[in-house]
Every structure is written in structure tokens, then in C-alpha cells.
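Below are structures written as C-alpha cells.
Next, two complexes with chain A in common: one pairs it with chain B, the other with chain C.
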Partner chain A sequence: MESLSDTLWDVVICGTGLQQSLLALSLSRSGKNILHIDPNEYYGGPDAAFSLQEAEAWVDRLADPSTANRGFRSASVTRPEGSTGLSFPRAYSIALSPQLIHSRSKLLSQLVSSRAYRQVEFLAVGSFFVFNPAPGPDQKPSLARIPSTREDIGFDTTIPLKGKRSLMKFLKFVQDYQSEASTEIWKPYADSPLTDFLQKHFKIDAQLQTYIIALTLSLDGKITTQDGLAILFRHLTSMGLFGLGFAAVYPKWGGISEIAQVACRAGAVGGAVYMLGTGIKTHESMGDELQLHLSNGETVKAKKLVRSSDSVGEPGISRLVAIVGSTLNGQFEALVEGAPQPAVSVIAFPSGSLHTSAGKVSEYPVHMTAHSSDTGECPVGQSILYLTTVATANSKELLKNALDAFLEAMDEDPRPQTLFELYYEQTKGAGESTKDGAIFNLPGPSLSPCFDDAVLDPVQEAWKEVLGEVDTEYMTFTDREGVTDEDEMYD
Partner chain B sequence: MASDDDLPTIKVLLIGPSGAGKSALLTRYCDDEFDPESSAATIGIDFKIKRLVVRGKAYRLTLFDTAGQERFRTLSTSFYRGAHGVILVYDISSRASFLTMERWFDEAEANTAEGVALYLVGSKLDKAETGREVSSEEGQALAEAHGARFCEASAKTRANVRDVFVNVVDQVVQTPGLLSGRTRRAPGTVAVGSDEGGYGSGCSC
Partner chain C sequence: MAEHGGSHGGIARTSRERTASERQADLDRIARYRALEDEIRTRVAASGDSAAAVDLFHLTSKLLRLNPEYYTIWNVRRRSLTSGLLSRRSAACSPSRASLSGSRTATTTPPSASSSSTSSTATPHDQPSPTAGRSGTLVDDNDGKKDAELLEGELRFTFPLLLESPKCYWLWNYRLWILGQAIERLPTAAARRMWEDELGLASKMLTKDQRNFHAWGYRRHVVNQLESPALGGSSMVEAEFAYTDRMTRANLSNFSAWHRRSKLIPRLLDERGADDLTRKSFLDQELGTVNQLLSVDPKDQSLWYYHQFLMLNLLSPVGRPTITPAFSLEDRLSYIMREIEGIKDLLESYEDEELDDDDRDAVKQIYKALLDYTLALCQLEGRQPDGQERELVAGWLRELRVLDPMRDGRWTDLERDYGLRG
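Let's look at the complex of A and B:
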């Protein structure tokens, strides 16, 4: 084959995070010459999944300013003293940016139409819980399951009748919120907090408001009425789409990382050349072409370059990942008979439900997803907890406290042990894609605990940018067929 | 037309250093062709599908041929998922290729489930007289150390080529749980695609 530098690449894609990988998938049947590189030695960029060993190496690299990774900082690993039971490093797959995917998400329909879904196993995301702090000094904190269907609300024994009625009324409203009549009702509240709307229009009390806000998974808990209704609508209409009792799915073996890898593989099958551990040092324009000087010393020519924007460095979120030595019974129960066994549950710690040792109350919610060993992210008998909150001076302590409080609320004897903890902060990426001549910069990843369809649009823009005028349908392919021979018989 | 999708799928990967002869083995097996002049390294991944009948039962065999060249490496942890068999190939006329096999075994073992059929193949057996650099015993010993089966083969002369694939398939279908456990939906996984009862439409046939 020609050497890398002799080829004029139609596009060089830099980075193998979800967006770049989906771009590779979308171009995999285009016949274009594609060079896909990543400065990291692993696939997935900010969406990667790591074994324990890889996670520790990643933490070390982040600590070294010369190899520091854009987008992440303040990472540390702790193996709590005296804990035992951690399995071998490869038995774990820690997702750096775990996200639930709503059943209605465009990501799923694109994976289906592009046939890439066949290589991904999807698991059901089950219950959503709200954390209630201990009511008194000698009492334990608890978790309340959020009823999210009308039948659910009917059966709930903790919500007073009046609350049930207003909640039902609200859910019915959400289902129809885009109608003209409904829009008229919420429009005046569109940009004010959803809690205002709940309070004023539906007379929903503070406790039930926390349930509804929890379902939106809003990072700062201050979601507007307009955004909140859209998310709740997505949640309700996702319910039951792929089976009973769940509204979202999670890809086995590390979430989004798995999708990124499968998408890159589709790119490779389509003939794209892959090189890990290779970034772009500098580049210059030469007429219609770009000259890219790669970190491995080679120089390549390309018509287009697609990469991710620099992170804007604003404080984003704090994350804590904890491996615990318990199956966390009760977290992964199917909600209705005949429903698949969920592998993931969601726990929201509302604003104000946690405090630091100095008595400072949490300003933002903490969101946690609990993953069972069915996710393939930890061995049988253990679970992985992923906690997220807005990064503040206290966020690390608050995440630790949330973890402790959750384990306390599990009410297991002995209390589940934490075997491994990974803490890090992730900064915000640029909000929008930008174009600079032949260079297309994808925006940064979304930090939401829930996959945001908005990240898909810039990928399609980049696709158009590379292909120019096209009449092919985006991400719509038939199954690839290798050569299917006549039957061979072996007896 | 009954869709091939209904057949149990056996996923087999070919891995090993560049130039070992992976693509040549595959082309010989699937198309019964051999090109001595071929100097094209595989870029990314190629794959072939073969329908075959083993002990009276039909299977869909998907064979993934990967690039051995480091700079074209496209293997990822997810690539190995669901693999039933891995064929590790080195060139008996190249000591250097043999010496990299520990690393390939490590990678295969780290990323596949227990019970996967591992098969070590010393290729280019036709060069045994003139240019052998790795003895048959060494190959055998390495395979044994990893619980793999072993044979030497030649894509040029066809020697043992078919046996390699037949043996791998046979071992896969004979290993209890290896196939059934992966072709059926694992417990808890859900269907998001059309042919699984989800949305979308169409049949690829």
C-alpha cells in the first residue's frame, strides 16, 4: 500500500470519542480515504472505558503536566485500607463518562439504521430513586423509588392522595405538552425554573418536586420549565418502547465507550486507516490541502480535518467512581412482571440533601448510577457506582458523603465495602461546532448523566462537510455481507 | 428466503504480526486462491462470512482478518467481544514473528471469555525445507503453554489450511455453553433493532 504521506486523505479524523467515531461510521460506506488517529493509546477519548490498571495509568498521566489530558483534571485513585476482594484489573471496565440513553434517543435509531447496533448489547435502566437524608440522629437515610407511570403512582404507598392527584395531572400534561392548548399554559413559565411551574400551576409540593427534578437528571437542579418538560416528555414516551418497565438503556461493557469502538470498527471495515497513540502536532494550509505534522514524525496531506474543539477549561463536573463489594440487592429489581432485569439504577441526591463536615449544605444535586455486574464492568458479587455533581470547592467531599450515605441507606450488614475509588473533574467543552477553512471542530462532549441528542447534529454537519452535496441518506446502510459461499459440510 | 440471521453465528478472529500470512490463509480457505506476489498489508479489518454445516447443523461463520501492522492496529477491547475462536498466526520462516506471539496471546487472553477456542498456526509450511526458523516443537510448546491447539499450514500448498478452520469450528460447537451462551441474547439485554421486535423496518436480504 502507499505510504501514509503519499496519500491525499479526503479526511483526517482526530480523536476517537463518540462524535468522531460516529463520523467514521457515517463515512464508512462513502469510499472516501479516511485516516483516523487518536493521540491516546486507547479508543474512546473522553468516553473511554478503563481496566483498573489503565485507570491508574491515566491518573498518573493527568498528574504529569507534559502529558496532561485536555478536559480532565484533579484525578486520584484510592484503595481504601483494609478492603479486600478486588479482582484482577481486567475484570473491570470503568466508564469515564457513563450515560444512560433514552429509548427514544436518535443515537439508537442511528445505530439501528446503520446496522452498527448488532455489535452492541443493550441493558435496561430500571428504577430512579430519590435519596432522603436521615430524619433524626439515630436514624438511617433512605431511598424512595420514584413512581414514573400512572399505575406506579396509584400503587405508591408513600405519597398522600392529594399529591398523587396533582402528580397524575402533571404527567398527563407532559404527555400532551406540545399541543397548542398545553403550550399556552407552560409558555409563560418557559424560562423560569420548572419548580415554579410545578408549584404555581399544579400545586405540587416540595417533596414531589424533588421527584420530578430528579427524573430530569438536571446537573444543577435548576432546569427551566421548557427544558424540563422536553426531558420528561422524552422519559415518558421512552417508557415501554423496547420492553416493559424501562425508559432508557445502557450499552454493556462500558456504555458509550462501546459504541465508539463499534463505530470505529465499522470505519475500519470500510477501509479507514487507524492509528492510536498519534496526534497532530502542528498543521498548515497549502492551497486546498492541509499539511498535518503528526506526533510520530510523519507528515500527511488532507482535504479536511475533523477534530474536537479545545475544552474551554471552565469548571464542569466532579465525578467519583466507586467499586463496592456488594450486589446492592434491591437496586436492580424489575419494576413489572415480564420486564427485563435492569442492570442500572439511578439515585438522585437533591440539592440540600447532603452537607460537608463543616456543615455546608449541598447547593447542587448529586446524581449516581449504580451498575450491576451484568454491565460487565465489574465481577459478579460487586457493583460500580458512578457519582456526578457540579464541580465546586466542596464537590469532592460531597460526592464521598453521598457515597457513604447511599451505602448506609442500603441497610446491609455488614455495610458494603468500597474496594476502589476514582475521583476526577471534567471540564466543559465548547458548546458549538466551529469551522475554520478545511478544519471542522466538533463541540465538546456533554457532561449530562443522560445522553444528549444535541451532540449528534454536529456529527451530521461534519459528514456533510466531508461529502459535499450528497443524496445518500445519513447513517442508513444495509448489513455488510462478506463473501457468502455455498454451504460447506463437515461431519 | 430464510434469513442467514437466524443461524447461530460463530465469530473467529485471525490475529498475529504483519506478514505472518493471515490474509493468505483466509483467502485460501474462503476462495481457494493464493497470490505469492501479494504484498498488500491488511489495513483495518476485513471480514468474510461463510455458511457451513457441521454435524448436520448450519452455522454462519464470520471470520475477521485484522491488520498486524502496529500503525494500522484497529483492535480494541470491544473487537474481541463475543469471539468464539481466535487463530493466532506466525510465520515459521521468521523467528521475529514467532517472538511476538506471547504478546498476541496476552491480548487474546485478556480480552476473551474463558473457553474460547485458541489455535496457534505456524504458516508458510512450504518453506520448511529451505527457510525454517522456528521448529515445530517450539510452536507446539508455546501452544500448550496457553492451552491452545497447534498446527503448521501453508496457504501456498493448501496443506492443513482447511483443517485449521474446521478444527476451530468443531471445537467451538463442541464446547458446551460457548455458542449457546453468546448467540442467544444474554439475560437482561434488550432488543433495540427491528428484527428483534423493536423499531425500524426492513430485512437486509
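Let's look at the complex of A and C:
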């Protein structure tokens, strides 16, 4: 058998996060020699999904200076005292990238055109809620469902008539926002906060503004008009695209990690060689080629190397993952006749709706997604909550408060317990891809609660780098032989 | 998917270039199809109906999979079933289930035959009495089980064909025929289960295409059967009413759902034994809902349709089932005037605004409603419009002429009706 060092690899891909995996998928029919390695013993990199044991091992590694990485830090696991009911470790799959994917997202159309979609099971993302803090000392906080369709608004009994009309006008405007006439109207507000535009042009009150901002899933809640309109447009035009009653999907068994795995599988079927537990110690250029010294002692030659940039180390987001011993009734209802039952719900805690014990009010929103056991991420009878917010000095406490407030708002008796909590901070990646001779550095993962199509552009750039000038369409393949067979009917 | 049989929802296939091998493949397929067809026709011609029923049956399966629209072959299939595969029923096929259906036979005949306007040709109820269940004691259990399997198998056979050709009348007719056979040949419980499943299928079709009025008609027919004594049924009006709730919640513009709702209301209120107070609050609730929805989307014609239905209850209650038969003239007038004021309020959100096409549509509907109801109000009171009303009406008509110049003639007629001309 040829050893790895005998081949001149067309590309060595380091890391099996989403971007690198999609690159492997995009090259899977190219016939190129691809060596795809990952220093971890698992697939997925920063987009991986962990069992409980794997999560704890990961936390330990992060705490150890010799194995820490700059992408993640301050990680800890808590198993609350007295809680019962936690199942065996492999019954859980905690996603590091639990992003929801809008139906209109380019990622999905790429998965379809590359035929990789068949191996992923997508579940519906259902209702979006806004958290309302308790109005008074003896009262409970509550969740209000955000209306985003004409029917939602029409049948809603909590929004006053004037508000409904302005909301309808705005949603109509969003659907048409790319037209010349509409652009003239919002252009002056393009870089101002969306809230300004809502207030000044549509006379939408503060309460409804929080609904709209919540729909944008803006990490810092300060999204500009231009960005906000784009994402709202995506949400509204995604509604009903793949089926009644939902605008976004979520891959079963661990979110983005599942897509990364499927993409790597496609890469392997296409002939790429995979090696886990292998990283690059050092490298040097030798004329046109790279010499890569792998951590397993071998040295390989490659024409190109694609890897992810080192994290800049700036604080990005704080995340709290909590396993809850309840099915969270009411969170996963299909509200439209004939709609599939959702497996994910979204809850936004607007800025100012939470405070620390010292009385400091939350500057940024907290976004939470609740996953039912249908996601395969926890056993039946339990749910997983993913809470995210901008990393600050108070973010850890605010996330815990948000979790408590949510469980309070669930109004279940007895109150649902958390069985397992994982906390960590993820730092900001380099914003853009960079080229360094034959080395292509992909930017870090996106920290947004919903999948950002901009993540796909550097992958296509890398693909072009590896293949050079080609005529083939990106991510467009036909089914391999034996996948479909139409002629059986005539026998 | 271009080579499968069946109608593709009426979409014409565009012609495209074929390679030599594709052309040959097509020719082969045509040859096989023709051969199949010839074989069936030969067999049927040769030995009439009792031809080796099983073989003929399987041949029809193949051909119908390729072309479910070939209705003659469906008839061949029916005949193979009745003359060979289904159990023989004795000539003395009298309804021996009188004891079970006793009390309900006196009620009005289930309007199954008359309401099936979409399933005309193959309605199975040729028998005088719809209460037939299992055909007497002359058929033993084994035959009954075999029949059940066959009939259920037929439903399973047609189901994937339906998915491909959801608008193929022959498929739906055949299913109804099979279901009718189920009523005749199977014990009530088994037949009822099949019809209940059919209701589930009708619901699925309606979620795929919410406004398919054929599907609504089909649903009506299935519900009628399920309510009938033949299937030991009882009224399903509450469930159906709740269904229209869910369908309108899913889509405000579902005209069929609103229409069905309006047709269910008289029987609903009767069965609830609603007294005058209950009827009044029912009307209040329905008006409240439709007005709430209209204020969000005054452009929607289905909503205006339902509002008009409710208004007609007040405007012309004579000679038709009414929600509130106990309303005095005064009551009705006060409701109508209140509604007219409410509709005027809808115009508020369109003042000092630039109107786009949708807005203009909405405003048009509003003016039309105001005109219709103001005129009707006057007629109800047996009088001509007074000065103030005439001014308002003249104003609305002026606006309508601008918004809808193509209906100029109609606005002229209305002006005449109001005595505003000359």
C-alpha cells in the first residue's frame, strides 16, 4: 500500500468543521487526491456534537493548557445536586453549533444540488417566542408567541388593532423590500438600527419592535435596517417553502455536525483519505509544494493546504446548554393543520428583560432554542435548551437567569429540573479568509443563532483555489449509479 | 419522472430532444404497453366476464399503474372482482341488519346520492335501502375476511396512483365504488373503519391543496356516509365545524372552508339545542371573528363572503335557516347599522396614504360592502335612502368609478337604484 508520503496531494484539508467538510463534499467528484485530517479524535471540529462523556472530556482538555485551543474557553460542566433521571452518556448529543437553517438558505440548495441532502434528516423549527418578565413581584414571567404570518396576526388577541395593521404593512414591505420603490424608502436608514426605521416610518411601538427584532435573531439586538430587512425577507419567504407552518429546519442528531459528517462521508466515497487524531505540527514551502509534518511523525507533500484560521481570541459568545427533565409542553405544537410537529422552538429574551443579582440589566438579548427528543439529542421525556448571548462579564450569570426564568414561565408543577449543564465561551473567528502562498485559511465559524449563508462563500473560494479555472458548476452533481431506478414499473 | 403514467395535474409535457437510445426506450415502453392492453382486451372479448378472473385482475393492475385514466380497464377490474374474486352473495340479499339500524331508519335518507356531484358515474348505491350490511348469514366468516382483504388491497393499490395523479376522476370513483362494496359486503365496523380512513385521506388531500373544491366535495360525501345508518353513524357536525376552524386558521383565504362553515351552522345550532340567547352570542362571536380578520386584511374576498353570509342572516331571514330567528326587526336593524359603522371604520387606515394595488383592492371591497348593506338596510326598512345616506352613497360611487372604471356600467345601475340619477 502506498504510504501517505508517496502521494503528492492536490489538497490537504485540516479540520472537519462545516467549512472544511463542505469543501470535501464539493471536491468529491473531482478525482483529486485529497487528504483530510483532523487533530481531534472526532469529526466536526468546532461544529461537533458530543455525548455527555465526550463533552466532559472536551471541557477537561480545554482546561489543560497543553491541549487548550483558542476557539473555546471557560468551559465547565455542572450536574445539579439532587437531580435524577439523567440517562446514559450516549443517549445525548450536545451540538456545539445548534443553528437553525432557514428553508431558503443557500446551504440547503447546495446540499440538494450535490445530492448530499438525502442522508440528513431535517426537522421543522416551529414557534418563535418573546420572553416577557414577570409584571409584578407575585407573578410569573411568560412567553408570547411572535406572529409572522397573516393568519398569526389575524387571530392574535393580544395585539391592539393599530399595531396589527402596522405589523401587516411592515411584513408586506419586507416581502417587496428589494424593489426600487421600496429601496428608496429604506436606503436612508440602511446603516441605522432597524428599530429606528420601524419607529419612524411604520410607527411601530416598542413592544412590537421587540417581536420584529426577535425574529431577526440578531446577536446584539442592534441589527441595522439593511441587515434586518435581509434576514426578515429570508424568514418570510422561507415560511411554507418545505411544508406548512415552518420557515426553518434543523438537522436531526446534532445540527450542523450532522451536515459536516455527511459531507465528509461524501468526500470519503469520492476517494479522499481521512485521518482523525492527526494535525500539522509544522510546514514549509518547497518551491510550488508544501511539506507538511504531521503530528503522527509522517511528512506529506501537498499542492495546497486548506485549514481554518486561528481564532483571534476576542470574546464572542457565551453558551449554556441545559438538559431538562421535561417535554416542555406547548413548545413543540404544530399550530397549522397539516403541519409537521416541530422539534425546535426559539425564545428571545430581549435586551433589558433580564438582570443580574446586582441589579444590572441585560445589555444584549439572550437567544434560546429548545430541542425536543425528536432531535435525537436527548431521550424521550427530556429536552435540551441552548442559550446564547454576547460574551460579557455578566453573560454567564445572565444565561443562568434566563434558564431559570424560562423554567418558571413554563408553569409546570413541579418545576422542571435541569439534569446537566454545560457552559462555555466561544471566541470570534477571523472574519475573512486569507491566502498565504499555497495555504488557504478559512475564517472561523459563525456565532449567529441561525445559519449565515456568508459562511459558504469562503468554501467556494477554496474550491476555486484547488481546482483552478474549471467549467463545472459548484456543488452540482448527479446521483451516483444505483441510487434511483425508474424502469422497475414496466416489468 | 417524465415517463410514469398518469396525468401530471394537467401540466402539458414540453417536448424535448431525445437521444437515439431514449427514443428506443420510449418505443419499447410503448410496445410493452400496447401488448398489455391487447392481452387484456383479447381475454375479455374471448370469454366474457368469468375469464380466469385472477390473471385478468393482475393484468389490469399492470396497465392501470401505467395509465390510471383508462377507465374501461377499471370496469374490467370491477367485473373481475364482482364476478370472481369477491365472494358470491346469494340472490336473497335482504338487509338482515334491521335490528342494529332500527331507530335511525326513520330519519331523512342520508343525502349521499344527491350530494355526490363530483362522483356521479360510479355511485354504488343502486340498492333501494342503504341499510345493507353484511349480506345475510349465507356468507361465512372466511369469505368475509377474504373480501375485506381484497377491498383493503384495492384501496392500497389506488393510493400511490392517487399521489401521482391526485385529480384523476377514475381513481376517486373507483375508491368510492370499493368503499360502497365495503358497506354492502363487510360488517359495519370494518366498513366504518375504511370510511374513517378515507376521511383521513381526504383531510391529507386538503392539507396538500387547501382550496381544492373537489376534495371538499369528496369530504362532504365521506362525512355524509359516516353519519349514515349504513355505517352506524351519528352526527359529525361539531367535528366538521372544528375542522373549518382549523382550516381557516391555517389560511384565511380558504373560501371553501368558510363556505362549508356557513353550511354547517344551521344544523350545528339545532343539534346544540341553542336557545335565543345562545344563538345571539354565537352570531356575536362569528361577527367578532370575521371583523377582527377583516381589519387585518380587508382585501380578502373569502372574509367578505363570510361576512356577507352573516349579514344575510340579518337581512333576509325569511324562508331560510337563520342563526337568530327570534330577532325582531329592531334587533336586526341595530346590528346592520352597527356593522355598517364598523366597515366605515376600516377606511381609516387608508386615509392620507398612498394606495398601492392591494390597498385599492381593499378599499374597493369596503365601498362595495357599504353600498350593498346601505341599500339593503333601506329595503329592509321599506324606505328610500335619506339625504345623508344619498350623499355618502354618491361619494362612495364616485370613488368606485375611479378605482374600478371597468365596472362603470354597474356603478351607473347602482346610482339609478339609489335614485341618484337625473
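The rule we apply is simple: the second predicted complex is superposed on the first by the 481 of 491 C-alpha atoms of A that agree within 3 Å, B and C clash if a C-alpha of one lies under 4 Å from a C-alpha of the other, contacts with A are read in each partner's own complex, and residues count from 1 in each chain.
As a convention for this text, contacts are C-beta pairs under 8 Å (C-beta built on N, C-alpha and C of every residue); 3 or more make two chains touch, one makes a residue touch a chain.
Since we're looking at a predicted model, the values are computed, not measured.
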item: Which superposed partner A:R150 touches (first chain B, second chain C, both, neither); value: second
item: Partner chain(s) touched by A:K32 [first = chain B, second = chain C, both, neither]; value: neither
item: Broader residue contact with chain A after superposition on the shared chain, chain B or chain C; value: B
item: Chain B versus chain C as contact partner of A:L244, first or second or both or neither; value: second
item: Touched partner set for A:K164, first chain B, second chain C, both or neither; value: second
item: Chain A positions touched by chain B in one structure and by chain C in the second; value: 486, 489-490
item: Chain B residues touching chain A - in the complex, by the definition given at the top; value: 4, 30-31, 40-41, 43-56, 58, 62-63, 71-74, 76-79, 81-82, 110, 166, 169-170, 185-194, 198-200, 204
item: Residue ranges of chain A touching chain B (in the complex, touch as defined); value: 1, 4, 42-43, 49, 90, 93, 103, 108-109, 111-113, 115, 117-119, 121-124, 241-243, 246, 249, 252-253, 257-258, 261-262, 264-265, 267-276, 278, 296, 340-343, 374, 478-491
item: Residue numbers on chain A that touch chain C, as the complex places them; value: 150-151, 153-155, 161, 164-165, 168, 172, 244-245, 335-339, 486, 489-490
item: Interfacial residue positions of chain C with respect to chain A in the complex; value: 1, 3-4, 29, 32, 65-66, 203-204, 206-208, 246-247, 249-252, 292-293, 295-297, 349, 358
